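Just passing along the structure, written as structure tokens.
Labels for the chains are A, B, C, D and E, by order of writing; each one numbers its residues from 1.
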Amino acid sequence: MEFARLVFVIMAKDLRAELRTKEAVNASFAFAVVILVLLSFVVESNDVPLPVLGGLLWLVFAFAGTLVLNRSFAREVPNDCLDALIAAPISGAALFLGKALANFLLVLVVELVALPVFGIFYNVRWTQQFWQLMLVVVLGTWGVTVIGTVFSALTVNIRLREVMLPMLTYPMLLPALLGAMELTGSLVTGAPIGPETVTWLKLLIGFDVLFTAASVTLVEFILVG
Amino acid sequence: MSAVAVEGVWKFYGDFPALRDVCLTAEQGACLALIGRNGAGKTTLLRTIAGFSRHGKGEIRILGTSPRETETRRHIGFIGHGISVYDELSALENLTLYARLYGLANPRKAALEWLERTGLERVRDGLVREFSRGMRQRLAVARAFLHEPSVLLLDEPFTALDDRAIAVLQGLLRDGLAQGRTIILSTHQLREALELASHVALLIRGQVAFHGPCTPEMVADPGLVYARYGED
Amino acid sequence: MREKLLYGAGLAAFLLLARNILVIADLPGEAAQGAIFKIIFFHVPAAWTAMVAATAALTLSILFLKTKDFRYDAAAVAVTEVGLAFLAANLVTGSIWGRVIWGIWWTWDVRLTSALVCWLLYAGYLMLRHAIEEPTQRATFAAVFSIFAFIDVPIVIFSIRWFRTQHPGPVFLSSTGSFPHDWTMVLLWNWVALMLLASILGAIRLGQEETQREIDYVRRMAHAL
Amino acid sequence: MEFARLVFVIMAKDLRAELRTKEAVNASFAFAVVILVLLSFVVESNDVPLPVLGGLLWLVFAFAGTLVLNRSFAREVPNDCLDALIAAPISGAALFLGKALANFLLVLVVELVALPVFGIFYNVRWTQQFWQLMLVVVLGTWGVTVIGTVFSALTVNIRLREVMLPMLTYPMLLPALLGAMELTGSLVTGAPIGPETVTWLKLLIGFDVLFTAASVTLVEFILVG
Amino acid sequence: MSAVAVEGVWKFYGDFPALRDVCLTAEQGACLALIGRNGAGKTTLLRTIAGFSRHGKGEIRILGTSPRETETRRHIGFIGHGISVYDELSALENLTLYARLYGLANPRKAALEWLERTGLERVRDGLVREFSRGMRQRLAVARAFLHEPSVLLLDEPFTALDDRAIAVLQGLLRDGLAQGRTIILSTHQLREALELASHVALLIRGQVAFHGPCTPEMVADPGLVYARYGED
């Protein structure tokens, strides 16, 4: 109970600070659109195979998402706020989950707004397997969020944060992204998840479970050692 | 059992020994003024006591336990060089947040009370981003006192405060001492600090050069400690 | 004592390696591929050695977090560096092989990509270490990162079983494998040689790390007095 | 003379702060490789037309480059250093050019190291028109740098820097990127710049000249109004 | 011609008037102590005078010209709440950089000289990232004095300095005044400031409540200005 309350307090704080000005979400969304446009130059031809477009979508999600995620612990830096959080009687796990949940919601919102835009730009009928797609989006996003949040904590105090963070985060994300890409690629063709793609789903779920458990266990070391 | 006990603590930054075999104690209800020249190690020591920064050898106990225990943390109040409040939240939101984190029964009430006590009630809904330096420091004071900690670790708490706010803070500290709280504060404003202090510790290049009770003559001439126990 | 052991092991590794190279040179070329096929006797054991090193790094990292004993940290660095070198050998030999057989240096299938990502992750581990000065923090953060990075290892190993890849499927230790038995023995012996080599390199690096720690300690004490 | 001296002083300062640790460039380079891997998911199949690969290359340059560029003015924030620069008797134009040159060099180094890697991973024989390609790289990079630097200045003091910057920068960059992409795409096929592609070259040069002039003129307003 | 002249300056943050019709002058060789409670507008005023922040109505002239002229800027030295030195450069590199920006003839020599004067020569090759708070403030002082400015605008320059560094800074300021420099400084450490000041200005909620010469009785009792011209 106490744990859940603290998680909620942290989450509410982050959401409030972020949504004080709705611009954060707006800007992240705008960025997603910009990447969509940029990528359209690369995959110029109109007859790109649909599965490739699934990959494209997750690339956009990854770039736009990490933009939000990077700020998660960076926000605690300016006035040494992290000190006060570490000093407070709250466990690292609660702090981490609170921040991860806030990030998850923010990233999810951006993604859900970007999805229809993606559909229009690339002529993808993404609604065909709506619920299965939502499942994949939620699972993939949670994976991205967990890794992003924990690495944001890991790099918050080191030199070269800005470069180290993406360099460490993206490779770690690849398995989850790969799974989400393959699944999305096949879902947008209208085919439901079948025996061929279910391996990817398992991979994705395994990734989420494994990393959530690892993060919750290890974050205490990161924050206070 | 001392409220705060520092035993043989060493702290290195790379090769540089910022703290060398520091031993200090503060009993319950004592006010220890930590003084020392720029770069002597005051901030390092206070951060180490609070458990933010890992030290090499030595041991630190607060109320008999490690400063990293969740239960112990509930009883520590800290003001550092940073002010540890969020620029994007208002003064009231900041304090309410911390009140919640410490699990106070009535967060909003506690927050309002401390805004009032630090003279910030007028700007309670202003974002911290818009505060002047002194207003921020006042908020940091409110944050540190909010959960009625029994050990207060204050790093230059008088910085940026105007005469009135200094008087308020001194009042708060005096009340705290009367209620049995333990205070360790570092400062260069010796006059203000020594008026309150029951004990004085002088750090010189990471070593404790003097540690003892604060005598009336020190209060009368704040430069005395340096003159008598310093090296020049 | 330790010195003598190292010299002995070094000599053994050298002799074994020389013998293996002679044996391999003597083997007839494979029917379809010719002499280039012999690269497999280094390509595969190098990969296995790297995977063993990664597993060792994981174990040592967990041990460090449990005990806070810096010897485990030093061992983890040593093992990771050696593993990185062997993984690089695997990548390079694979690339050369691919250039001859497929006509291209590289292709993006799951096996190759995951191996590359694995390399990037452990290279990131070393960079992360460089960016942190405080020894305790460095060791802790690196250990946490190492645990996270290990996720990629099973993916590298199982990728050819889980997914269709351009990379050849499993030929050893699987029912469908078609590798002649005596060739397998040669390959295993070469693995033994490479493992021996890796252990020696690891021991040397560990020795260096420990000497470095001692020097640091002495220097600090000199500064303190 | 005095102007050139001041430009040089600013440039030297930024380069020194950035290269204090060599890791900065290492990390940017590693990040470039990571993006190469990421993008491989989008252009999965082996038979991607070469011109598309040219586009891909510039996407990598744009992403890795902005990482460096973002830090340009952000570096002045922590201790209110920008105040001191503005207070110094140095014109906005000199300040801007100094920073832009430093960024240009950093981005160029990362790109030049990433090029061969790109060649191997995507099997592109990029050396065929080496000097013309270098010309395009330099022109394109300068375009990216000018825009990146000026927008870094523009957003340095606003909230949400991290999100606003890429959102504003990329769309502005599109013409330059488009030109560089088309040119690179045709150069890697081995064809020199001919009457068909020279329009893109003109666009690129025009972009560079125009935006450099505009930036030098307007940056004074941005910095001090 | 006054060295610094502020005429009817207004400054708004959104709707909030941080400065209201401020008029002040400082003659050459004068030292004006700007005092006022937390949030009174001291920082805002100093930043406006230095030309960092745009004001609404009113005019500011330094040595007869606008503070934004390149030539004028060469004669201004500023210390703000931030310290304006780079964490990733060493103390010496920082000062040399600024010496170059101001086009001094021998940057390295000037830098070394000022490191010596502020007592930082021992750590001249240390990165600022590793400095204690007071060491940073000393470096900021060195940076502001480096190019021998004829107008010094100092916002709480005594912050974080130890007794010895305060004495050094006071000495520097005194020498500066003797050489005909003009100084405007804001501070809450009234004692240290009033010892130097030739004039005092009191800001109350963005308005000048008092502006006049600093009398011996003010020096003797620093609280006097507040008591006599303040509102409580």
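FYI, a residue touches a chain if its C-beta (ideal position, glycine included) is under 8 Å from a C-beta of that chain, and two chains touch if they have at least 3 such contacts.
No experiment lies behind these values; they were computed from the predicted model shown.
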{"item": "Where subunit A and subunit C overlap in contact partners, by chain label", "value": "B, D"}
{"item": "Leader among chain pairs (count of C-beta contacts)", "value": "A-D"}
{"item": "Maximum centroid distance from subunit D, chain identifier (CA atoms)", "value": "B"}
{"item": "Greatest separation from subunit E - chain, by CA centre", "value": "C"}
{"item": "Rounded Å distance, subunit A centre to subunit B centre (Cα mean)", "value": "39"}
{"item": "Whole-Å gap between the CA centroids of subunit B and subunit C", "value": "50"}
{"item": "Mean-CA-position distance for subunit D and subunit A (Å)", "value": "27"}
{"item": "Touching two or more other chains - residues of subunit D", "value": "21, 23, 27, 30, 34, 37, 41, 44, 159"}
{"item": "Subunit E residues counted as touching two or more neighbouring chains", "value": "81, 88"}
{"item": "Subunit C, residues touching no fewer than two other chains", "value": "113, 117, 120, 124, 127, 131, 136-137"}
{"item": "Pairs of chains found to touch, sorted by chain label", "value": "A-B, A-C, A-D, B-C, B-E, C-D, D-E"}
{"item": "Subunit D to subunit E touching residues, read off their complex", "value": "2, 5-6, 9-10, 13, 16-17, 20, 75, 78-81, 83-91, 224-225"}
{"item": "Contact footprint of subunit E on subunit B as seen in their complex", "value": "13, 16, 36-40, 43, 81, 123, 130-135, 137-138, 156, 159-166, 188-190, 223, 226"}
{"item": "Parts of subunit B lying in touch with subunit A, wherever the complex brings them together", "value": "50-52, 54, 68, 70-71, 73-74, 76, 78, 80-89, 93, 97-98, 100-103, 136, 143"}
{"item": "Touch list for subunit B against partner subunit C, complex", "value": "10, 12-17, 20, 54"}
{"item": "Touching residues (chain side subunit A, partner subunit D) in the complex", "value": "21, 23-24, 27-28, 30-31, 34-35, 37-39, 41-44, 51-52, 55-56, 58-59, 62-63, 67-68, 70-71, 74, 159-160, 162-164, 166-167, 170-171, 174, 177-178, 181"}
